[in-house]
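Here come two complexes built around chain A, the first alongside chain B, the second alongside chain C.
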Partner chain A sequence: MADKRKLIKVYITGELFEVPEGSTIITAMEYAGFQLKRGVGCREGYCGACATVYREKGDYKLKSGLACQTVVSEGMAIAMIPFVPAEKPVYDLDELSPEISTFIDLFPNVFRCVSCNTCTKSCPQDIEVMDYVQAIIRGDLERAANLSFDCIRCGLCALRCPAEIVQYNNAILARRLYARYLAKKSPELETRIKELEKGKFKKEIDQMKKMPREKLSEKYYKREIKIS
Partner chain B sequence: MKLPYYPGCTLKANARHFEKSAIQAMEKLDFQLVEMKDWVCCGTVFSMTSDDLMLQLASVRNLLRAEKQNLKELIVLCSMCYNTLKRANDFIVKDKGNLEKVNNFMYKENLTYSGKIEIYHLLSILKDRIGFSVIAEKVKKKLSALKIGAYYGCLLVRPEELAIDNFEDPSIFEDLISTLGGESLDFAYKLECCGAYQTVTKKDVSVKRVYEILNSARESGCEAIVTSCPLCAYNLDFLQKDVEEEYLDFNRIPVFYFTELMAVALGCGWDKNWSSLHFTDPEPLLREKGLI
Partner chain C sequence: MYPEYMLESIKKVDKTRAKRLEIAKKYGKKVYPPMSEEERKEVLSTYHPDYKDDARKAVRIGPNKGEMITNEVVDILESYPRNDPHVFDLNKVDLETDVLVIGAGSAGLAAAIEASNLGSRVTIITKLRLGDSNSMMAQGGIQAADQSDDSPVHHYLDVIGGGHFDNKPDLVEALVMDAPRSIKWLEDLGVMFDKNPDGTMMVKSGGGTSRNRMHSARDYTGAAICRVLRDEVCNRPDKIKYIEYTAATELVLDEHKHVAGAIIFHLENKLYSIIKAKTVILATGGFGRLHIRGFETTNHYGATADGLVMGYRAGANMLFMDSVQYHPTGAVFPEQIVGFLCTEKIRGLGAQPVNNQGELFVYPMEPRDIEASAFIRECEQNRGVTTPSGLKGIWLDTPLIELINGHGTIEKYLPAMLRQYRRFDIDVRKYPMLVYPTLHYQNGGLEIDDNAETKVPGLYVAGEASGGIHGRNRLMGNSQLDIIVFGRRAGKNAALKVSKGITLGKLSLKHVEDYIHEVDKLGIDRKRISPVVLPDYIPDHIKAKQLTANYQGTII
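Right, the complex of A and B next:
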């Protein structure tokens, strides 16, 4: 069946294509015939695999976003970034301490931040990236952990940083150190793990395993999250 | 009365006692230092590159945010932050072109900086806004018999445009010490540089500077040094172990932040936790003088 939607012109890595109006960058690229093996994962804005830079017609700004969440527009020029090469030191969390000195050793260049806020402007998750970087610089790992909590590691901040900082790898270290050494332990968690081990929710889990996809996704979106 | 205050990174790390003692001492003077929200590092060193606005952004970011928080001024304790923030402010405010470029860079943030934030060092507030005579009336424990060398270093008085006092012959620090009942002794090296960041790459340069400074203070009869700069404090205090190895005639000397001595004099008492952030234990001297 032919697609009845209006077609618009976009440039994908420099080549002109006509794609249906209203599609996301990912669906537009697939419509245009690209077979995406890298740079796509969840298609739901969660996995951070689909970092993309683009320009909109008539706008001088280089924008960035998630290809699965960004809708194409007439005349848009798109370049998907399938992989972000980023500095990623190897460490053993048990041997580290939750202090500034850990960052001095593992990520010395985080201290080069010039507070330009470019990272914050490019973050598709609307995270205050510069502020979590700054929190790390002054050793406030709790603030860094909280501010960076929604990071999906898409890499866009690092691609735009003039100081070559890999913000998200710093952030994950901050969250790990915070969780391992600083955060208040929750006794409820231990209780819940024991309950699970004893098979408390076995019936519900078995039911879910048999559920058809539609039912499962309906249940997922209707779920209530209780935060006490 | 509330004073909007910019701490800077070091006051949250190695110089925690600087911040704590300042807050306590100011409370005794009925002033509350209120930390501005969402501050960022000042950028550490003012960039001398006259056309590199990028390196001014760290400071400007603080000025912008302060303005957005409806503040009119920022009080700074760290000499280095004071120097960097104030110079960056002047740099972009005095040249309309710079201000415009910086504001253009803030696209998507819906922010523009008007250039109206004033930067003050706490010492200036003590002298000009509160007044040393008012402070003198509130002193509970005079620092009598404590012979103190006031060390300015470079950043409080250079360059001349931002000096908190006469840039060649300042006395604001000494006046504060006398206000607190202490005896301040002049010494030849009080305006000399401590070696600053040389300590990272050419430690021997800093070690030599520190020896010269502290020795000159000792020779003038000083028993303690006061400073307002965490980098000076680090060099002058931490490097004493290296100075000791290099120069056999050297005698250790405690280094204080001026706010620590204010806290003691104004009756806040000495917090044991501050001692652990000193490299040369100040407690024996304070005890000897009956101050703790």
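Right, the complex of A and C next:
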């Protein structure tokens, strides 16, 4: 069946192509004949592989977004960012403490934040990036962890930051420290693990493993469902 | 935003909402009677895509020869290798390692971490970036029976019943018994789970579960896990080496048929290398991007079942490759997000599937294959809604979530969903989502034992590429669990095997030569090659004009 969609003009890395209206940047590039390798991943906005800079017709502003989530417009100029060579310090979580001193050691330049809010404006996830950076500076790791939670590490914040901060690497450390050291542990989980270590449930499982299919099926359809 | 005619149908959904809320308040999730065994059989055999007459054919080659298998899988198995094995000089090895992990989703990353914990030298190769995988996209949750009213015994029964009793019991046991420890392992590595103020896990129900045991991290559960594992791998540069944008195309064996490494090549400069490894872990994921029966998919760009092909050629057998999972709730509107996943957690939080009249027609928490079949039935009997591009779907009534759980629930627990639809001017707190089953998961795969090892000595498989754990239908949240449980088992067992001492014989690709002879006998087109490596979405009329128009397979 012929494709009846209306074609519009876009500039991919400076070159003119005609692509169907309503395409995302990714599907527009594929329509134009590109077999993508870099700059493509989950295609649903979860992996952060497709950070892209673009400019809309008649606008002077360089905007940024995810190529899999941004719909092309007539005259749009597009450049995908293949990779962000940002610094990632190496650490052993076991040896860290959930304190501001950890960030002073590992990410000293986070304290250079000038509160310009460029990071927040560049975030395709609409995360309050500057706010979580400020939370880290104050040592409020819980707030930083929660505010940064939906980060997909596309790199756009770091690329635009005038203070050269790698926000997303700070964020994952804040979340890991919070989950490991600050979040309350589940007493139920600890109890269950102890029960398992003592061999509880093994006998019942062994019985079911040996059960003929009909008997197991009967047990399954008769089982009590207690969900809310 | 929805066009006018769709808004008309939404008005009917709005109209029945108050009554459905009442039912939900009275009966919880049981707003519609669950199907009996007979009803399940009936709806599956009539409406599930796997049961269509032309869905499967007999594979004519390899360890599963003669078995009826999903068509598209047979096609990639009955294919020529990407390279003539004679071009490789196996005496010139480019890299040696103890444990080679192919694939860098959560299964591969977990395996690498555990193998390095036991002192092995680990190399990970991935055809895209570290962490690029279906693992990263999982939204809803991870199952583990750690609640006081639950137990691994209930979990076992749910898993095996959901899989139609075809699952390998040893693997189900490993899955459910390792589950609580896996959650703790993840939390100790720094994964933030949704918790109650007292520290207990906030758990929801999933399709086919008899207890609330779905642990989540908002609706970014897979990402929350995978990004922590990736960060941990990056913190071990002296123990774990990783190579990105590099695909494996063939496993190498030694003269005694013990696995001995892989042929890999870089996607951009096309350079190939030979890796010699004492053990290999395939963590290559599933087949979503093969678009079985033309279905749209929720899957990652790299989900082309490469590991299945490589493992099969090396002599590993498959289980349940006649079975495909269609996730009941894939988006069908707007056009730009067709096939995208609308997490099962949406139903876990109380959203109900309703037809074009706003009527309930199925228990919202059936196992996935049953739920998906019921949706297809509703559409085929003209009680669905047709989109402007001609796709059909039923409504998933998300505004109900806020009425049941309170204002702000969607923003707090389904931020990814809210964001996804908001990009297209639809507020799912006020309007329902239009959904239809979408290709989601490879239920079967290469057979493993409870050490995650295949019948090829030294070859391990973890995650979606493996078969047997879930039988012929996986329940929600058990995939996030299996990649951790069997990723860790594969890593540990591979490292243990290495530490006991492995002396490899002469490297060989004879298994590939033999396979080519078998393919020759089938008389298939020489242009049909695998592994697929990446899907190809360039339209035919553009492709016809490309210099590479006669290139073999996808352009890589």
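Here is the rule we use: the second predicted complex is superposed on the first by the 185 of 228 C-alpha atoms of A that agree within 3 Å, B and C clash if a C-alpha of one lies under 4 Å from a C-alpha of the other, contacts with A are read in each partner's own complex, and residues count from 1 in each chain.
Just so we're on the same page, a residue touches a chain if its C-beta (ideal position, glycine included) is under 8 Å from a C-beta of that chain, and two chains touch if they have at least 3 such contacts.
If you're wondering where the values come from, they're calculated on a predicted model, not measured in any experiment.
Visitor: So, A:G75: does it touch chain B (first), chain C (second), both, or neither?
Guide: neither
Visitor: Give one of first, second, both or neither to describe whether A:I225 is in contact with chain B, with chain C, with both, or with none.
Guide: second
Visitor: Taking the superposition as given, does A:M130 touch the first partner, chain B, the second, chain C, both, or neither?
Guide: first
Visitor: For A:R176, select first, second, both or neither according to whether it touches chain B, chain C, the two together, or no partner.
Guide: Touch partner of A:R176: chain C, not chain B.
Visitor: I'd like to know which partner A:D92 touches here: chain B for first, chain C for second, both or neither.
Guide: second
Visitor: Counting residues of chain A in contact, which comes out ahead: chain B or chain C?
Guide: Partner with more touched residues of chain A: C.
Visitor: By the touch definition at the top of the document, which applies to A:R213: first (chain B), second (chain C), both, or neither?
Guide: A:R213 sits against chain C, while chain B stays out of touch.
Visitor: Determine where on chain A the residues touched by chain B overlap those touched by chain C, and list them.
Guide: Comparing the two interfaces on chain A, one with chain B and one with chain C, no residues are shared.
Visitor: Please give the residue numbers of chain B that touch chain A in the complex, ascending.
Guide: Per the stated touch rule, the residues are 9, 12-13, 38, 40-41, 43, 54-55, 57-58, 61, 105-109.
Visitor: Taking the touch rule as given, give the residues of chain A at its contact with chain C in the complex, in rising order.
Guide: Per the touch definition, chain A meets chain C at residues 3, 22-24, 27, 30-38, 40-47, 49, 69, 71, 88, 90-93, 125-126, 145, 149-150, 152-153, 172, 175-180, 183-193, 196, 201-202, 204-205, 208-209, 213, 216-217, 219-221, 223-228.
Visitor: Within the complex, which stretch of chain A touches chain B?
Guide: 61, 100, 113-117, 121, 130-131, 134, 137-140, 162
Visitor: Considering the complex alone, what residue numbers of chain C touch chain A?
Guide: Interface residues on the chain C side: 28-30, 34, 36-37, 128-129, 131-132, 134, 136-137, 145-149, 151-154, 156-158, 160-161, 165, 169-170, 173, 176-177, 180-181, 183-184, 187-193, 195, 197-201, 205, 209-212, 217-218, 220, 222-224, 227-228, 231-232, 234-237, 245, 267-268, 298, 300-302, 335-337, 340-341, 365, 415-416, 419-420, 423, 534, 536-539, 542-543, 546, 554-556.
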